[in-house]
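Below are two complexes that have chain A in common, paired first with chain B and then with chain C.
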Partner chain A sequence: MKVLNIILNGKAVTAKMGQTILELAREHDVFIPTLCDSPALEAAAMCRLCTVQVIEGKWPKYVTACNFPLRRDAEVVTDSPDVRHGRKLIIELLMARCPTSPELQRLAVDYGCDLERFTPLNDDCVICGLCTRACEAVTGRTLSLAGRGVAIHVDTAFQKASTFCIGCGACVQICPVQKIKMEDVDGERRIILHGKIASRVKLPQCTSCGKYFGPVIDLKQVMERMGEHLIPPPNATVCPECSRRNLAIKLGKRYFEQYGVFEEEGQANAG
Partner chain B sequence: MIEATQTAISHPEVAKITSPSGVEVFRKELQSRLDPNAPLIIVCCGTGCQAAGSAEVVDKFKQMLSGTDWNGKVIPLVKPTGCHGFCSRGPLVIIEPQDLFYQQVTVDDVEEIVNKTILNNEVIKKLQYKPANSKEVIPKASDIPYYAKQTRLVLKNIGKVDPTEINDSIVRGSYSALASVLTRMSPQQVIDEVANSKLRGRGGAGFPTGLKWESCARQEGTRYVICNADEGDPGAFMDRSLLEGDPHSVLEGMAICAYAVGSNRGYMYVRAEYPLAVKTLNIAIHQAEALGLLGENIMGTGFDFKVTISTGAGAFICGESSALMASLEGKVGRPRPKYIRSVEKGFRDSPSNLNNVETYANIPDIITNGGEWYKSFGTERSSGTKVFALTGNVYNIGLVEVPMGISLMEIVFGIGGGIPNKRALKGVQTGGPSGGCIPIPHKIPDINVGYGKLAEAGSIMGSGGMIVMDEDTCMIEVSRYFVNFLVEESCGQCTPCREGLIRMREILNRITQGEGREGDVELLTEIGNFTNNFSLCGLGTSAANPVLSTIRYFREEYDAHIRDKKCPSGVCKPLFHYDIDAETCTGCGLCKIKCPVKAITGEKKKTHVIEQALCIKCMECYKNCKFRSVKIM
Partner chain C sequence: MSGTACACQEIECGEIEIDYSLLDKIIRYDYGGNREAMIMMMQAIQRVYRFLPEDAVKYLSQVIEVPLTKIYEVATFYASFSLEPKGKYILSVCTGTACHLRGSGGMVEHISKRMGIAPGKTTSDLKLTLETVNCVGACAVAPVVVIDEKYYPKANIATLNDFMDRLNAE
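Here is the complex of A and B:
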């Protein structure tokens, strides 16, 4: 494969054909801030925070490091004053949208942001699209970006509680501003978006302890994917905790029953 | 009664054309059936004229003609055509062979036209065109400066052919370029001819068309030919007129492109707001396929090219090439965040050649007459002609086609007829929401319209919107209008475009409300440059142009709004009031009559006074005062 000669912040390095600038920078311990990037997902280049300057030929141009593929020898500047100025504005603008994010707060200090310049907007989402892309990868389309321009927002189809959701919680876990919440109440898992229930997923009740656990559809999908390695029965009726405890008791009985530590089955379960 | 000769060609009993030479044979045959001296009533049925009632005019003509005793004369044919371009004068009727031009024709005028003009060769004076500031009428369409000063290459058939009748187009040479391409040219020769013409993309960016075709032809696998007819710039309607008035030129251009790049699938992405264009195109494709000029085995040569129409759903952003392709695929119309050109990987991840309607419409002529001929129009770096939609504060509103390099003042005053209501020209906005304002004639005396020159002036060619602004236009309000448009129409996915536009709108709003702060202009410039550099797609990287160009040329107006809290043009209502100048007021009382809220008082022949508390700043007194005594204070 062809090796490319790249000058990364003044240092001569080599890159693989098609490698992104972000990958190259990480290889050489050059830090480029990102918000909407996740190694598990395809780059979306939405937040534009990773913008750098690249010179391929005569003119320097601004490109996003996360998805710009290096295809010929080039010079890359990741931290020029112009780039830093642009990033500072991105952070200031996003902080005005979402002032509570620790990640943004940290960046705001790094880039010397003036947080008084823009009046706060009544919103707490930075439209990074991570949740929608994660959701697309897992379930198809429970969450997606709806609306256009100023009205763009994360939503479910027709603003109704989604029926596609499997309650996996990938959106909750990936959200950089902790905007999406998840709670298990009354035998169902709820994904809460903009303070509104975006989906309800039924939870099975443990036949042993009575607790609710794992979303039904989620479990079903896991089972399906396990195929021939299917260990638990398709209709899981015992929660993971009880199942672990039951296994421990079974093993314990095998090894320690001779010492008379086990009394009644009922008592051990109650403990 | 002698049957009208033209009707004969309307009902062809011709089977499919099975060889490229068959097109010429068919054309000659159609032509031999035509009588050049036969009377013909051409009625413009473009969207503008239809809105003004031209469809009823056509019906009335047809009804009148069938009910008249012709006494052995040839019955004239009524021909509905596409947009003639002179929309502010519609509905337009042209009587051939005399080339008589009638404007603003209503159903009630039809009887008179038939009885006087058609039957007795008498001219109806009240329907004739009179230029501004002139008492002399101009009887012939071709003598009207608006038409005479244009160079109509792309628009040559519009207003002459019935777009729903393919034979009418074939008589005027449609599909003969395709026939000659299929017989005597290799794909590479076609590309070379287009490259030689130096034709550049008419959608706005001005990418050399030959180069684009060449790089698409180099790719492997299935290739697609796509026509971008998602014309969304406010006030622009060049593409719509082409599709409605001469769809076969566009289709022929696409077929030639398909042959050159090695494709047999074409898509036409038309915005849903153009129902007439979609209807006309459907008819055109159907008729061309029936004649074997499109579809499978074109002209018996084995070359297939199928065109499918796809309609948009009202998103401006879908005019951006990658968003358009996403929308064609059935996905959300958002630009694709990939640094890979669509000629390599576009629609369905296949090489796709996307051009604008007008670009394709130029192709047949380039093939027929050669690239050298095309280059003889326009300038060294911008060859050929360009169609502009001339709107705003100008006497003649409509479509104009001019050679590149023409002076902008000539367009406004020569073709456009100047500024109405004795106002002065302040500037011209080109390129729609991505373009900028050019401050002719005060700050820049004039400019030669071309890709490079417009870019130097901080604007762009764009798809051809051209808004003329007079002295009563507030430049801050203009940029606020465009920013407002883009705030809604941006796709919203990338931070600089979305947030930048929201903030620019916020700042412009407060400036026009009289709450502008010191440093606002600097902040606008900062955000504007940032948005233009950091955004994801073409919309974002040009979104700040209206703001930046007005700051560049009209900084003093921004300062007047912010520092003096005054809107010198009298547009931003909180920032001005009207006063009547005692020295020039004659006391004619016109303003008093016009005032809808009775805020003006005064006796006859004495200076009138405006009661400020009552005034709603509706502009009626200002507009109507014959002595310009109403002043903006």
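Here is the complex of A and C:
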């Protein structure tokens, strides 16, 4: 494989053909701020925070580091007054959308942003697209980026609660500004987006203790992904806690009942 | 697309009955059920109903095995797709620079006032949809009004009044 000679912030390093600037920078412990990057998902260059300067040949140009593959010898500048100037504007715009994000607030202080410059939208979403990409990777049927340009927003199809959601919570976990919420109420798991219910997933009720526990409709897909598609998914009618306790009781009975030391209540607590 | 008449001509309100055999004809026979032809199928469905009914989109998603969210993304991305019912006639007023200078803004206002609808909206009897477009490429004959894909060059209030009188008489 061809090796490229890259000058990264004045330091000569080598890169593999097709490696992105962000990967290279992380390899050499150069920090580039990102919001929409996740190692598990394909780069989308939605937040634009990772913009860096690249000089390939004659002219400098500004590119997003997360999805720019290096194909020629080049010089990369990740932190110069020019790059910081551009990034400052991006942070100011993102802060106007979402002033509550701690990560953005840190960056705003770091870059000396003027927070009065743009009228705050208080939308609380930075349109990084992580939730839709995560949803696509898991099931791809609940969240989408609807609209275009300034009107783009995260939404469910036809703005109605989705019936395809499996309640995995990947969107909640991945959201960099904690905008998507998940709660388990009245025997159903709700994904809440823009303060509106985006999906409802019925939670199974434990036949032993009566508590509701995690959704089981995704188990089949989980088993398939693990390459265990021949094994039927566990028939979960009992919650994990009860299942563990029942097993402890069973084992206790089998091994200790004959000695007369087994008491069901005591074992249940110990197990 | 031969022989497919507009299916919702007799329908008064927003209730649309979906003819699934017609959808099947479009999806499976006209375009072979290939997901690559999704946009063409959506255009064909829109030609039948003048918008994309939710049930038709759901059926399309099932048949070509594309997630509903993907189709929704496409439908909201392109301005030519509409998820809301459109009127029988679509009146587009060009508000590009040349037309604007020749008074298309006043024409939009006039239609809005007379028909009681804002630009981009449809009258409650589903007769007329008023739209504004940015340029139709006929600046020499500005201001331009497009009614059901027919161009009316050098339009004025009288042209519009004529049209609206005919519409109201129907």
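Assume the second predicted complex is superposed on the first by the 234 of 271 C-alpha atoms of A that agree within 3 Å, B and C clash if a C-alpha of one lies under 4 Å from a C-alpha of the other, contacts with A are read in each partner's own complex, and residues count from 1 in each chain.
Here, contacts are C-beta pairs under 8 Å (C-beta built on N, C-alpha and C of every residue); 3 or more make two chains touch, one makes a residue touch a chain.
Please read these numbers as outputs of a predicted model, since none were measured by experiment.
Contacts of A:Ala43 after superposition: chain B is touched, whereas chain C is not reached. Look at A:Thr156: by the touch rule set out above, it reaches chain C but stays clear of chain B. In the superposed model, A:Phe164 lies in contact with chain C only, and not with chain B. More chain A residues lie in contact with B than with the other chain of the pair chain B and chain C. In the superposition on chain A, no contact is made by A:Ser208 with either chain B or chain C. Once chain A of one complex is fitted onto chain A of the other, the partner contacts of A:Gly147 extend to both chain B and chain C. Counting contacts as defined above, chain A residues 144-145, 147-148 meet chain B in one complex and chain C in the other.
Residues 315, 317, 332, 334, 337-340, 486-496, 498-503, 506, 523, 526-527, 530, 533-536 of chain B touch chain A in their complex. By the touch criterion stated above, chain A contacts chain B in their complex at residues 43-49, 51, 62-64, 67-69, 82, 85-86, 89-90, 93-94, 96-97, 117-119, 121, 126-127, 129, 144-145, 147-152. Taken together, the chain C residues at the contact with chain A in this complex read 54, 57, 67-73, 76-77, 83. Partner chain C is touched in their complex by these residues of chain A: 132, 135-136, 140-148, 155-158, 162, 164.
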